[in-house]
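Okay, so here's the structure we're looking at.
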Amino acid sequence: MKARTALLAACAVFLVALVLPAFISGYGIRILNLALISAIAVIGLNFAFGYAGLITLAQAGFVGCGAYITAILSTTLGLSPWLSIPAAVIGTGFISVVIGLPMLRLKGHYLALATLGFNVSFVIVATNWKSVMGGTDGISGIPPLALPGWAFATDHRYYYVIWVVLAAATWCAWRIRNSHIGLAMIAVRDDEIATGAASVGVTRIKLQAFALSAVYAGLSGALFAHMANFVAPDDFNLGHSIIYLAMLIIGGEGSILGSIAGAVIVTFMPELMRDLGTAYMIVFGALMLLILIFLPKGLLSLTGIVGRRLKASGR
Amino acid sequence: MGNKRLFGRRKVMAGAAAATGLTIWSQRLSAQSGEVAVGAMVPITGPFNVSGQQYHFSLQMVQDEINAKGGVAGKKLKIVFEDVKDSNSVAVNAYLKVVRDIEPPLIFLSSYTTQNLATEPEVTKAQIPGMYAGGGDAMHLKKNPWLFRIRPHDGLQALALAKHATEGLGKKKIGIIYVQNDFGQPGAVAAEKMVKAAGAEVVGMEAYAFTDNDMSAQLQKLKNAGADCLICISYGKDGALVLKLMKEMGIDLPVVISSGVMVPAARNLIAPDELAHVNGVMDAYLAPERGPDVAAYIKTFKERFKVDPDPFGSCYYDGAWIMKQVMDKVGTDRAKIRDELKLVKDYKGVTNTFTTDEWGNMVHSLAVFSIKPGTRDPVFIRTITA
Amino acid sequence: MQQFVQLVVSGLAVGSVYALVGLAFIMVNEATGVVNFATGQMVAIGCFLGVTTSLQMGLPLAPAYVLALAAMAFFGVVFYAVVFRPLQDRPVVTVIIGTVMIGIVIQNAALMTWGSVPFRPRSPFGRQVIDVFGAALSAHALFVIVVAFLMIGLLYLFIYRTAIGARMRAVAQDRDAARLMGIGVDRMFVLTWIIAGLLTGAAGILVGPMWFADVNMGDPIALKAFAAIIIGGFSSVPGAIVGGILVGLAEMLGAAYISSAYKDGLVFLVMILFLLVRPQGIFGERIGQRA
């Protein structure tokens, strides 16, 4: 029975995830944590780009918003991370609505460049607004997430937090995908004019997708801040936005699991290739290019999955 | 229509395969016994390589020299390099990898402050002593007992610049131009304070972005504000651009410039006449006339690597010799190494004299120099000590 | 007053470079629909090829430049073959990411080839300085302005006054219709990429003596060029010129009169404002359904 297989599969994944840290070193766990945290941001990006077709280069900027908001609140104002993280998520969502309202009237590469401008400006502000955001020195000493008497201060412990959040985020994304909001987003990507003619508020749908992507990004950034205990502007620059897009495309755009797979692969690959020495960035770039050329549906297509196929016409 | 399920059999198998692979890959590499493996975080690829290359070289060289002199604690020394590129998270990953791979008694961090700041919490978790060369004051203000800085910190450099401009050159109206980041800005602020404390006036402070190529607007403003001397806090390429522009614009003012521009990598970007009014400050005055040890170091370095050594990379050479001295005395126990490093006093290296203070700073003086007219060669003037 | 003139001439020099690079970007985008995020790296390669031919091979400057430009034209063809051709019918974003990845490859290959130590290429005018209304302009900067405008002018003539140019425009307007009319579409693409190679190569060579050759030099220039063509008009040759000059002037004047630290932020703010208020830029036509 299909439902039972799904349940068994879920249990298997759960068990593996539970025991994995026991077998992995601090280095491996750190990379895994980074990959899973990125996965959250990429799932978010999937809403904006995979479903609604918005080319956004702002994702790292939103991750940065989440990271900095929680950093500032938990260091300067001494708020508990349990409060500052939700505040960061909400704050980032709010910022995305404010900039989304004007920007989402743009399409295609105009939108791409506008979001690029936002990301670049975010880094410039973070670098120069030293009093609040710490400048290039960033904000350090960010406290770890903690329960009374017990802190998630090591990567092994924090891994469980990230897993829980990722699982919840994935489940939410799946529900949204199958809801009318998700279908509306996909409709916008497939044929914006028809959707508009069906008198569904296209800008409102785009804004929902954009805000969702930002909310996920903010969550990702906040989680990162309390793991690394340090944030600096360069961690959220344009290059990172492009990497998130690459993760999504390589994993399989339009697919939630593709988002996770892409995040894991693109995070691990440079680390796995360290032994190549000076040439490894060349190999990494070339490999990515080859994947783009030969696996257009992303790597998840290797397992024969047909994720939600979103064939856009005339792009 | 469509796949409403999140999981399918194949996805789970793929995930299981990935998890297994991850576990296998992540197993510890056992360190060779009979060897002491020490970690070194170096920008091997990426834009920071221009300085990273220098300590990649100096550490390779010192490894061979130390092994020729019996190694450390009676065993052969092996320095394991990991690439930190130009990214904070890659730097942290590299640190964690080295900790996992070789469980070293000591790790050299990179020379970039933001990378140092990002790695610092992990140093505390790992409880491994480390030497670093990032200059930002924020690092030593953390008072991390495990970390030791092997070159003068940026605040000291700013002090030296200000002191030389006012006391050394006797100038009264100083204009400050600086690179807008964690190195330039605190330096500029510190220099401003020092200049005022010395009774001179700061007529303007202008910043430029690290990637800027045209600072003519900033220079123009400082000139028009009536500056009789400029303090320039910059790295190599941007410092060279500033000096080139000053010559083009006919701004004939004396300049007291930070060390970045005098490293071999940057020196060839400047023509001798662009250096005509330049005085500068260097971490260390690496010239044969400082003594036979220094002369031998420069000669060996140049023969082996075909480039001149610079002070930023060479401080790691000194750091490694200090490490040998310490390990020969107390062995490879991390806490003992840390405690012994705190006691370093008046160690004479090729770059400087090392004495550890309460902040973990080991170097407290800088060299001031001018330029021999018509050349690019520095002429030593004096040392400024904190 | 002298300060103002100084700033304006510097802004013009800087702006001409942005205009050239912006044009390279526009050419490719118009003909192929691709946003080439490796444009910055192409500029850097052009600059380093100039370094190799003039400094390392020791050729006199004129043949050195010609050789470097020829190499860049070839590089454009290689780029077409390796990146564009395989990804031709993919969605735009895939191609964008593809150009980013090739940009990473190019930048690191440049690092391995030329190392991380910057070079200072010679200028045909040495380090001469000219007095322009009391402001000092390096002769080379003037050379940059002149050459940039010349190249743009020649390009304009080529596109709008020659038969081949007409064919290129046809392909840009409607690929399928052009094909139906018997125009060798692939050949036009190759030509487009060759021109892009020449433009970025020229920009790189011109910029070298002014801003030094450094493997990381490309991206900041490309970013400003993007801003320039947004402001000037995405599909417009005069737009690229005007946009480039405006960005150059905004940088210089902004640094002098507003804030030197935030001057880049200023430029991007203007770009964003244009995107929001007048996305077609100053000279562009109203944008259509370009998804």
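Every chain is named by a letter (A, B and C) in the order it is written, and numbering of its residues begins at 1.
One rule holds in what follows: a contact is a pair of C-beta atoms (placed from the backbone, for glycine too) under 8 Å apart; a residue touches a chain by one contact, two chains touch by 3 or more.
What you see is a predicted model; the values in this text were computed from it and never measured.
Student: Cut chain C out of the contact graph: what components remain?
Tutor: one piece
Student: Name whichever of A-C and B-C has more C-beta pairs touching across its two chains.
Tutor: Taking the two pairs in turn, the one with more contacts turns out to be A-C.
Student: Nearest whole angstrom, what separates the Cα centre of chain A from the Cα centre of chain C?
Tutor: Distance between chain centres: 32 Å.
Student: For chain B and chain C, let me know how many angstrom lie between their CA-based centres, rounded off.
Tutor: Taking the mean C-alpha position of each chain, the two centres sit 35 Å apart.
Student: Please output the residue numbers of chain A that touch at least 2 other chains, ranges allowed.
Tutor: Residues 128, 278, 281.
Student: Spell out, as numbers or ranges, the residues of chain C touching 2 or more other chains.
Tutor: 108, 111, 261, 264, in rising order.
Student: Quick check: what residues of chain B touch more than one other chain, meaning two or more?
Tutor: 45-46, 180
Student: What residues on chain B touch chain A, complex-wise?
Tutor: 2-16, 18-19, 22-23, 25-28, 44-46, 82-83, 86-90, 92-93, 96-97, 99-101, 113-114, 117-118, 120-121, 125-126, 136, 138, 142, 180-183, 185-186
Student: Using the touch definition from the top, list the residues of chain B that touch chain C in their complex.
Tutor: Going through chain B, the ones touching chain C are 45-47, 49-50, 53, 180, 206-209, 211-214, 216-218, 220-221, 224, 236-237, 240-241, 247-250, 265-266, 268-269, 271.
Student: For a test of understanding, state which residues of chain C touch chain B in their complex under the given definition.
Tutor: 3, 6-7, 10, 13-14, 108, 111, 115-120, 127, 129, 136, 138, 207, 210-212, 214-216, 219-220, 251-253, 255-256, 260-261, 263-264
Student: Please output the residues of chain A touching chain C within their complex, sorted ascending.
Tutor: 49, 53, 55, 102-103, 105-110, 112-114, 116-118, 120-121, 124-125, 128, 192-193, 242, 245-246, 249, 278-279, 281-282, 284-286, 288-289, 292-293, 296, 312, 314-315
Student: Can you list the chain C residues touching chain A in their complex?
Tutor: It is residues 29, 35, 37, 82-83, 86-87, 90-94, 96-98, 100-105, 107-109, 111-112, 223, 226-227, 230, 234, 261-262, 264-265, 268-269, 271-272, 275-276, 279, 287, 289-291 of chain C that touch chain A.
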